[in-house]
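Just dropping this structure here.
Order of writing sets the labels: A, B, C, D and E. Residues in every chain begin at 1.
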């Protein structure tokens, strides 16, 4: 495989594309080492790594899949750490009234006014699982469940709101920040859902000697700034 | 109703430029392979849009390149018997036969299904698919389909070419009746001398896309020089009644007041026959021949004399009440000094009237 | 090489059960539409797997249901002229014609491409696709394709049915030469009396899937009772040389030491002709007829006499050096008291030898 | 069968319904389109041909996104349709629409090939027997292309059973309303260790589609026998 | 054209390569398969037919997953192949394999329909002229089904250009190695506000596939004209 000395192959959750593209470019400029990043769903990437994909570094959007790989002895456990965090937010169309505090008293059904609540798959995709948990803990899930439109990934939920097809949606703060067509309505309190964490680790048998350097670079200031600018929670460790 | 055709059409390497009139009755299109017969028929049917020209039937224009008229095929009410069958593979024989009836106007005269099926001998095939038919069976179904569609014009492109002699002899009388009974023009393509002679009212001879000869059948057929068919095709039909069956296998037929001998064992005494007497089988003698193998020596008188441009002549004679035709040479006309009114003997072999040329007068009703 | 066929095959509503031998030369399969001709031909070609039976050619077994042998069609080296053309639509006429040659063994004798193309009159069509051909043109290409494949057996299913008279007259001599020159069996299906009479070495008559008569052509044809074709098909070929062209359009031909008169204006003096004289056009007289329109009265003697079961008889006579056939009635045989050796006059009309039956002795080389 | 949860049963039933209606409703359009492409001569035919094939070329997600842009109530088309009572967004009808559009090029191709195989000489023969163009179509062309139409329809049905990307993008995944089998399968695949559950649903998809295929083979063999082919 | 980044150019080039080889390499298999399905009589034919259609029925992600299970170096098949130098996993060859398998049923269907439209009488005629079965196939059947083969190939090519789900699941989305156009589109669609970039790539896909379609139309019209159809 042409995993040349000067190249690192990074498998990263699709939602990290913007950040990793920018950080990789910086890294290449600094070290001369090329970074090839493969973006897809965390589940797909994890399975590929399980089956011997030539990845050096894995950035997952969920701890579950990283756990799965660790359990199967496909990553170097010692290199694993939590890179960044994220927040879960409720969004609506742009140019709406200011954000509010979401609580057990929030009447989501009223706010939906017959429309749909856009979420990622609530039993499968991390953003959807987090959202469902949060709503459950707030006691809102029972009432709103029939109105939920589930998408195959969080980005599609964002699109539904962005296009006006759904009046409300639950996505990550980073998504909400990047899309001008949506506005932030509420941020779910951290205690309503498990921490949203993007773990990273070296893949077992990583071929590129520069992979560790890239891992280190991800924790550096330059990378932190990129993540922070995009709305990720940095230093969650 | 008369059909009037004037067409120009070009294929790469072939130019059609033909005009002719087809009055009621059967107009035979005759010409060598590739002379443009099917092309003309297709244009009449509306399947080919000619480059130029005019086609009308009676007062109705079917096609006119000047006025840009082109009546679609489905509105022309034609019964087209295709050179290559073209049966519907997904329909049974019965459905194929009935197909045209679905679209015929209510007012159109219906042909009798049973009768046509019977004549064509396809009754046992009615529930079959066309793929399971023999070549000749297919062709017979195609004939039936066209005839049953209540057409106001029939186009028949070599309809009988694939059929055996006996079957032909069963179907030809039907066309004869169509010709005589219905007032519709029939355009009929054939290479067969027998068919042309028996059926043609009018003959149109094509050569390389051009009409080289057209006219009433009698005139064209009696001209030995015009086509290869001229020599073999003239003849008359004669009606008679079986008078006796002789023990040596010969049948005696009374016709027009005279006795004829011929082999026709299958017909019982008293039944009515029609016989085709071909002009070239008739010899004329001014002296009664003796000790000759010909069994039929009929006294007659010359009725008309028509000399061709070539060596041939067509002599019409009255034998009893029958008018017969004899094709002889001009040299013989002179040698025997034949004139209108000359008494002669028509000499005719018994075997010259082959069994095939014998049919009931009304084959089936 | 002789072909030996014994077959049983059943279709719903049709049973074939036929056995016959086809020696070298042309074996004519004759029978009404639907009598099983194409079925037999397909079995010979290897396209139909019969239920039971045996087919062999010379010592080679093509099919045997007992030993479960079934030589595939491609190995049988047959030139099959199909009833329905079956030209390859994606190949040009030339490629269609050459198709069989690609697969013929090197050692096989090659037919001359130019000569066959010429005979069939398809030279101008060589670069065309079959969809742009007329019905008869397609059929001619199909004939050429089969002939050019260097076959060791020819199967011809109504090969000439779609052709005009003149074209037939050009192609028939070719089959005659194939018959006479090549030592291969030819199985030929035809409804045409002329083709049968001129070409048949052997005749097999089918009826409803069964062989009702088989034997050498002469024997079958001279029996007026056996088939509808019997009456019209007997005849002989005679060779002659144009002696003079008379001003009244008649041509004088010297043949077998005698002079014949007939209309054949197109042939220059000195050229060689062959004439077909049909048995039924010949009358016999024991006294020289006078004042009769027939121009050919040839002195002859009775050579053989064959009486049929029915009213007919076939008399072979020697006129000059030619052997002619005359179909007359048994009654006339008795009335004229004909015996072998009886001197007679053969009476033949000039027009009975139609132009179509005249051809160069060696049509084209 | 208790090895399927009620929600999974819903998904099965919905997939069948979606695929059935998707196939049935696109059939007339596919017939017309195939006919235009096989026989028509009009300007922009190539463009039209291209547009018909778009769903095949585009990643399904993009197709779904375009559908969303076009048929959501916010969009002019979607709004206009909703005024006459036709709503696709977040309904099973939307899933059917997505499946229909994804399967459309397959159906059209199959039908078109069979139309091109029909001998125009037979249609001419029907015309000479008095059949107008519509009747020729109904009594000759259509019966002759039936095997192709069948093949195309079953292909479309199978595709509709398996369609996922465009469907979930367009109408999301609402259990009981738009959650088809593939969405359910996808969901299981996102969860580590749930491959077994996914497999069950995959097997069901396969059984359904295979039955449809088998049916089509039997039907088209019967049709072909009637037409007398091979 | 500077409106495409080098990485995007790579994706375009790779998609073309993948689609080309996917189409070319599956063609012989598709011909054989179509022939078996159209003419063959063997036990298990229906099952075989079903298996051929599986990629159409299954959600692409499942197909990709099955490929991963089968052809990764860990798997017996993948290992065996790797011993003789054939590796699919995470190579562009794998993308081609995925595209080929997804497009296979489409190609087979198209070819099969045209085989069924060939008049066996012509093949019989060729046999009587001495052509063995192979030669009959090469000189008669194949030329007559050429329009169908063309149509099927272009359909497969278009499908291969658009294939996403199975590809990204099987060989991932590694730029320059396995990142095809649709994978690149997918990645852009994950970035809010990057629809413009996605759109550019979508347009390129469309242009490529449309050109292929146009080419096939022209070719098959020429072929049809040669065969003399309609």
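By our rule, a residue touches a chain if its C-beta (ideal position, glycine included) is under 8 Å from a C-beta of that chain, and two chains touch if they have at least 3 such contacts.
From a predicted model like this one, the values you see are computed outputs, not experimental measurements.
Trainee: So if I look at the partners of chain A and the partners of chain E, which chains show up in both lists?
Mentor: D
Trainee: Which other chains touch chain A while also touching chain C?
Mentor: E
Trainee: Moving only between chains that touch, what is the shortest number of steps from chain C to chain D?
Mentor: Between chain C and chain D, the shortest chain-hopping route counts 2.
Trainee: Please find the two chains that have the most C-beta pairs touching each other.
Mentor: Answer by contact count: the chains B-C.
Trainee: Quick one: point me to the chain whose Cα centre is farthest from that of chain B.
Mentor: Relative to chain B, the chain with the farthest C-alpha centre is A.
Trainee: Taking each chain's centre as the mean of its C-alpha atoms, which one ends up farthest from the centre of chain C?
Mentor: Of all the other chains, the one whose centre lies farthest from chain C is A.
Trainee: What's the distance between the Cα centroids of chain A and chain B, rounded to whole Å?
Mentor: Roughly 90 Å separates the two chain centres.
Trainee: Quick check: how many Å separate the C-alpha centres of chain D and chain E?
Mentor: Once rounded, the distance between the two centres reads 20 Å.
Trainee: Report the inter-centroid distance (CA atoms only) between chain B and chain E in whole Å.
Mentor: Measuring from centre to centre gives 60 Å for this pair.
Trainee: In whole angstrom, what separates the CA-based centres of chain B and chain C?
Mentor: The mean C-alpha positions of chain B and chain C differ by 25 Å.
Trainee: Touching at least two other chains at once: which residues of chain D meet that condition?
Mentor: If we look for residues of chain D contacting two or more partner chains, we find 61, 65, 164-165, 186, 189, 229.
Trainee: What residues in chain C touch two or more of the other chains?
Mentor: In chain C, residues 84, 132 touch at least two other chains, as defined above.
Trainee: Where does chain A touch two or more other chains at once, residue-wise?
Mentor: none
Trainee: Please list, in label order, each pair of chains that touches.
Mentor: Every touching chain pair, ordered by label, is A-D, A-E, B-C, B-D, C-E, D-E.
Trainee: Enumerate the contact residues on chain D facing chain B in the complex.
Mentor: 121-122, 124-133, 135-136, 139-140, 143-144, 226-229
Trainee: Residue numbers of chain C touching chain E in their complex, please.
Mentor: 45-47, 72-80, 82, 84, 86, 88-91, 99-100, 102-104, 129-132, 145-146, 149
Trainee: Could you pull out which chain B residues touch chain C in their complex?
Mentor: Per the touch definition, chain B meets chain C at residues 11-13, 31-34, 37-39, 83-84, 124, 132-137, 139-140, 157-158, 161-167, 191, 193, 224, 228-229, 231-232, 246, 248-250, 261, 263, 265, 280-281, 283-287, 289-295, 310-312, 326-332, 336, 347, 349-352, 354-356.
Trainee: Once bound in the complex, which stretches of chain A touch chain E?
Mentor: 1-2, 9, 11, 14-15, 17-18, 36-40, 44-45, 47-48, 51-54, 153, 155, 158, 162, 175, 178-180
Trainee: Enumerate the contact residues on chain D facing chain A in the complex.
Mentor: Per the touch definition, chain D meets chain A at residues 61, 65, 68-69, 72-74, 89-90, 164-165, 168-169, 171-174, 178-179, 183, 186-193.
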